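Look at the two complexes coming up: chain A is in both, with chain B in one and chain C in the other.
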Partner chain A sequence: MTHSTTEPANFTGAAPKAGPMLAADGRPLKKSLARALRRQKLRALMLVAPLLIFVLVTFIAPIADMLFRSVENQIVSETLPETVMALQEWNGESDIPDAAYDAIYFDLFTAAEAKQHTRLGTRLNYEQTGISSLFRTSGRQLDDIGDDVHDALEDINPAWDEPAPWYQMMNAGDRPVDTALLDTKMFDMRALTGEVLEGDLGFAPAREVSDLLPRTAAAYTSWAIYTALVDGDIVAEEDPWESVFAALASDLQSGADVSGYSGPGADMLAEAAANLDALPAVDFRNVMVGIDEDWGALENWQTIKLYSPDYTPGYFLNSVDMQNGIDGAQMRPENERIYITLFIRTLYLSLVITGSCILLSYPVAFLLSNLPARSANLLMILVLLPFWTSLLVRTSAWKVMLQQQGVINDVLVWLGLVADDSRLVMINNQTGTIIAMTHILLPFMILPMYSVMSTIPPYYVRAAKSLGATNWTAFWRVYFPQSIPGIGAGSILVFILAIGYYITPEIVGGTKGVFISNRIAYHISSSLNWGLAAALGTILLAVVLILYWAYDRIVGIDNVKLG
Partner chain B sequence: MKLTKTLFATTALTVAAGLAHAESHGMMADSMTLVSWGGAYQASQDKAYAQPYLEMHEGLTISWDESSNEAVAKLRAMNEAGNITWDLVDVVASDAIRLCDEGLAMEYDPEELLAEGDDGSSAEDDFGELIVSDCFIPQIVYSTTFGYRTDMVPEGVDAPSEICSVFDLETYPGKRALEKRPINNMEWALLCDGVAKEDVYDVLATDEGQQQALDKLATIKDDVIWWSAGADTPQLLADGEIFMGSTYNGRLFSVIEEQDQPVAMMWDAQVFDLDGWIIPTGLDDAALARVKDFVKFATDTQRLADQAKYISYGPARASSAPLVGQHAELGIEMAPHMPTDPNNAKNTFLYNYEFWADYRDDIDAKFQAWLAQ
Partner chain C sequence: MADTATESAFVEFERVQKSYDGENLVVKDLNLSMPKGEFLTMLGPSGSGKTTCLMMLAGFETATHGEIKLGGKPINNIPPHKRNIGMVFQNYALFPHMTVAENLSFPLEVRKMGKSEREAKVKRALEMVQMGAFGGRRPAQLSGGQQQRIALARALVFEADLVLMDEPLGALDKQLREHMQFEIKRIADNLGITVVYVTHDQTEALTMSDRVAVFDDGRIQQLDPPDVLYEEPKNSFVAQFIGENNTLEGVVQEIKGDTCIVKLDGGEVIDAMPVNVAGVGERTRVSIRPERVEFNKDRLSPDAHTLKATVKEFIYMGDIFRTRLSVAGNEDFVVKTRNAPDAVRLEPGQQIDIGWLPRDCRALDA
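== the complex of A and B ==
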């Protein structure tokens, strides 16, 4: 850069006075050059742009998104916003606060209407067994208490069964609006449904009502938002959720003084307040424990509290056999530990497979690069042929070969090398995995080795021999060192492929020959615990990167050649 | 941003075009993607429901996607991407419950969506308790049960006829094949460890009970080959690798009757499970109308009975049972091969969906840790 900026200056012979040097068109030379360079860079970028965008969109972005799931945990605070707030003060040991029961009734009711509560149940069931059905069955029964209140209110005054009086009472109209309540509920509903929720609500909560009957106003507002913006109905014409009735009973019973209220529906409220005895007692602790006694259990509330932050280390702890507890992270009980064993086993087996691939491939690659072209081509086809066959077919073929009633055992028994009743066990264990995967990954070792070996000039070995080296010395001191870059390239390729394999180990590995990837696949497609799968995958990726880095430091990545 | 807009616009265009097209066909889409399990089961569905339906509706195309065993994960991914490409998905009941829980499957009203039984019973009564979830449209009852090689029964010993022979290595030496998951295996283990049938799930809900079941399984662990695909046990039986193994009853039927292997059914303590359709949420009106029309046809009394001509799974409608006839190619009576036949169903379990929805993750972790030891 500096060189090129000074050179034209000398060329044009511009006076060495102050001020920028100018190019032929009168612009400052520096700028002009920078522009040309930028244009060049841009052109280069445009040329690679299709590939770059393709890689970004189809590879980097999904992987980043998937890995991000390993810490993501907004689902709890999005589904149970009030409950999470109510539990903030709770220490996790003492009695569960009343406010938490109040909050979870309404949170769960709204979530059940939006059909989001069971999703959260599934999520929390990963951490605490039983929450899944607790949420599912509770979701069905939350209506009951509201129904009772609804009936009782209707007996007092049939107008409670009409949508219009409710609307007139709750809607602000000319009265001041409780914008804080409206904003909170809008925010919560957007988070819960994951939708933008735009449009005309046709409702605003009156502040005097929300001051007087806070639970009722909150429940009615949630309902109104859902009715207008999710269902697309008109608030004034629909019957409110049963939670609104339960809220009203609860507000009245906790001592709301309606005598000073003179807005719409004042008569109905006064009438209801006068007939409090006729309403069923609404205490949300009793309601929830009545629905399922597990709502009284400390563990369930601890789990909700523990997993209420938006980001959690829980999945990573799980993937190293630990668990998140109210007293901090600790090891899982002995009989539930599995992932560390699997990580170690995956690394160990991948190393063994890489090693056996090196041993088997070297002679083949050597032969390939030293045979005359015709026979080499034939041999090459033999190497590549299995490569073109379906992975499943090759793996299943190994099953036929290796099983106890299989080809190899039959031959051994026929030859009399093995007794019929003590046939070798070569499959559904680590041996099976090593044999099948070595075979499947062999071409990935042979090909880089071959391409490196075929560039080694034959006269080096000849020269060594003519100087008196034995065959072995010539090979070991002259040929072998030159073939090492091929071994390096093949090893990296095979090892990294092996570490992520799961189909072959699943079929031939039994219980002792399966890899960590099998668990990742299980959590992706069967248990749907994508967070845990992402955490396991992230760890695996990190391990591979560390090993790659170590390889670079020890062997040097410059010493790897693919040809 | 621009890309999103373009994508959005093209999607909108496609949808609009699709809708316009649908309108000309009475608001029903003229193509449908059904998802099933592949193999003999999908073939039975194709012959019993899809082909007859195609004959009735000219211009309709039905394509099959063999993705049922990962339907839950794929539907979740499709839903997150906002692009549902399936119209009707065949899943087992436990997956239907999970899809319903996740909001990925549509809730339906049996009286509205399903046809009345041929005997005049309402759809809800005809399917009865088999509608285990608000989203689940039952098709068949199948069972997971044991088959054994008749030529490997030791001399002078009766053929195994009860579940506990699986755990009896002295009388019945040889390898067994069990599924590589806790479901069913834990129940069988407890049952053969002296736990009464009605107490099995209470016991299994406790840590001690889970350990008890694993301890019982440990007594045969060295002789077990763990399978993960339904085709494994039939292959192992046919090759003589194992003496007995668990798998789906339809697979055993095909080993015994279609491939003529020396294998017999045990039936004892078979575990009933259900398979059926779910309709994904978020279908557009035309697609939904088509799917509803198809489902009404495909789950009526005659169609469910017809399916039993091709595979030995029991129809989910009570009214279909009397109509079950002969196998379409072999010409044998199918009724005695149904898991629900009174002779086969003397001692049965029904998959406990509620229990396993809760305990699946927990017990699976313990089970896999135990396997890896």
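== the complex of A and C ==
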């Protein structure tokens, strides 16, 4: 097809239809345009790609991770999988069910072997003080009951002390395998250790044994997986954990009928069943409470149950001085509240700092934009000078200036304005924070104001005066409204910087002048409660976004000019 | 008579001088007096001091020396906002954060006028510039011409004693500019307001003004109605600056009443009218308007002196012909002839004789 034939055809064809406009080659014009622009778009994308990737990796991803951390809570179900299941039916008020004690013994035993129980203790200690030490001491004493059973069984038949009979009894061999048990235990162990756990296990639980001795089979399977895949040993050659002995005693005492069993180790089992009296009584409720009487306390179990879901509002509740209770969320006692006060103080101080920045910056910016170029440049250097000094140095300088034996107080005393014994307290409180932060953030207010003011031509004020306005009216009605975008830009900048400021309040703020960011830093680096830090950070982010939205609604973000 | 003259002087500059740096005078000894209701234009090249004069009148610059009077009262020490002078700025200076109506209402508000009165006046002013429907718009939503009208309305709405306009049409395109010239003139005439208008565009000055003050080098070179200014320039600067002009240089040979004989540098002799010559034997610069040059001998007096000319270029411009000649060493001697049925079309290279009436050829300062 040539142009001479297609063009008239298109023209006559497209015009009466009034459909999409067609290009010379018959394609829709929109498509042709998009194709023509694709290369340009691609090139533009390639040019921004480095920054885009950088921002994604260093900014968006950490923020997403932080948001996620503030609700993430898999640690409980990963460490205590059976306990979490056993507590599902419990209403949180009545007696703690036996199943829960059974489950937590084995869960804790496995976790202690994998050295994960203290981690969970730390996590739950954020919610219920004392749990951390409960977990730690329990972890050390879980062996005791198993040891007793071990000794008793060994007295009945020394073969119980050998790894081989255990293995022959528990391993399926030619018998049917309890795959469900194996899969569950594999899954739990992967979650607990956080490892992939691949390789030859060399063991499979026999279904007839797991039907007969459920606790024993479960404990042995856990041990076998750990021994083979974590420690890298051969299952048939290792002594089982003490928990397996305790499990066997428990199974036998709860009435397992071994008479029908004829597999490997049948006579050993029958012998043990016949000598039940020689075995110490294994009741896990007594075992746990015996280790630490706090295991009988309702609130510890309530805490475990409350935090058993994979995602929790707990960190956010803590962030607003509330706590998760079995009856729902409620405010913390008056004397434990801290974060609401800190949030309000952070917002209030940021507003005060923004306000004082506006008041101090406006005349400077006005002067800057109205002076002749030479003097304006000199003044601009003075404005920018603080940028060239370290933030730490500037803040420390304020410490020297403001302290009670500092420069300002000395001068005031020397002038006789202040008595020597009543020197002003200007540091380690809110005054110190306001003064130092106003000074530090001043350039961020001056620069946007200046860049807006320098675009306001002088003839507007002249026009206002020629129309009869006094100097003040000309300023207030004509100049000032046009400088508002600069105030807006500076205010947003200063406010958002102030709300997240950390170093300066830390140094000059004392206890009364610290911000929420100092608390976040404390949880990140000292208490290591990253979930709470993340929740506090998320709330801070949300507050800033809400304020930004409100600002957009009230003032209009179009009215913000940085230059 | 002397009494009425001073009484009618509404704006007066008396020996006004202005210097910005203490070394150079931007305005040198300015004397000007204009009656109420006059439309006076200050015309001149940039740097001639015209805008400085306007700013001194408005009160944004102070006179270094001399006195400026408005309605007979010295205003040197009155701040701008108390002078009651309306001003239209070059860039209009409409307040961008206010609507058109708010802009117009501003001078009335600062005068503490009541709301209903304000609204009535704003409405009337908007209708006067045919912008009645635009009160609610922002200046940025208007075209240049519309902004111009609003700026004009704002300068007029508070019934100022005097309206100053600082190159108000400079930013408009040619067609709109011509249209606005008539518009401004019409409104000024209707309201009978006193206007001081600054421009560097001579056509604007000639079409709009009652009188034009031609500025150069900090002085008023000539202050006259447009026709006088064009036809009877008092010195070579005005002759050059206003309209097109041919210049020949020579020495005054003889003065007889209202004519004189000038011997050009090439030796040719011509008739001229002595306007601004120092005397016999002094150098002079004669000025002839292109449309007053005659090459039809029958229309000249028999004893008139003529000059030999060579046609260099002939340009057909529709309503006129523009012919460039080489005359007495001047290669850019231009003649304009009306495109009449009997008009002669000259060929380049053609030799002709040209002449003029002595009153059209003005002998001015060298």
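In this section, the second predicted complex is superposed on the first by the 509 of 563 C-alpha atoms of A that agree within 3 Å, B and C clash if a C-alpha of one lies under 4 Å from a C-alpha of the other, contacts with A are read in each partner's own complex, and residues count from 1 in each chain.
Please note the rule applied: contacts are C-beta pairs under 8 Å (C-beta built on N, C-alpha and C of every residue); 3 or more make two chains touch, one makes a residue touch a chain.
All figures in this text were calculated on a predicted structure; none of them were measured in a lab.
J.: Looking at the overlay, does A:Thr193 come into contact with chain B only (first), chain C only (second), both, or neither?
T.: Touch partners of A:Thr193: none, neither chain B nor chain C.
J.: Kindly classify A:Thr470 by the partners it touches after superposition: chain B alone (first), chain C alone (second), both, or neither?
T.: The second partner, chain C, only.
J.: State whether A:Ser210 touches chain B only (first), chain C only (second), both chains, or neither.
T.: neither
J.: Which holds for A:Thr312: it touches chain B only (first), chain C only (second), both, or neither?
T.: neither
J.: Contacts for A:Tyr460 in the overlay, against chain B (first) and chain C (second): which applies, first, second, both or neither?
T.: second
J.: Which of the two partners, first being chain B and second being chain C, lies in contact with A:Gln116: first, second, both, or neither?
T.: Only chain B is touched by A:Gln116; chain C is not.
J.: Please give the residue numbers of chain C that touch chain A in the complex, ascending.
T.: It is residues 58-60, 79-87, 89-91, 93, 95-97, 106-107, 110-111, 154-155, 158, 164 of chain C that touch chain A.
J.: Would you tell me which residues of chain A are touching chain C in their complex?
T.: Interface residues on chain A, with respect to chain C: 457, 459-460, 462-471, 473-474, 477-478, 481-482.
J.: How about chain A: which of its residues touch chain B in the complex?
T.: 115-116, 118-119, 121-122, 125-126, 129-133, 136, 335-338, 341-342, 403-406, 428, 506, 510-512, 514, 519, 524-529
J.: Show which residues of chain B lie in contact with chain A when the two form their complex.
T.: Listed in rising order, the residues are 69-70, 72-73, 76, 98, 100-103, 180, 211, 225-226, 228, 239-241, 354, 357-362, 364-366, 368-372.
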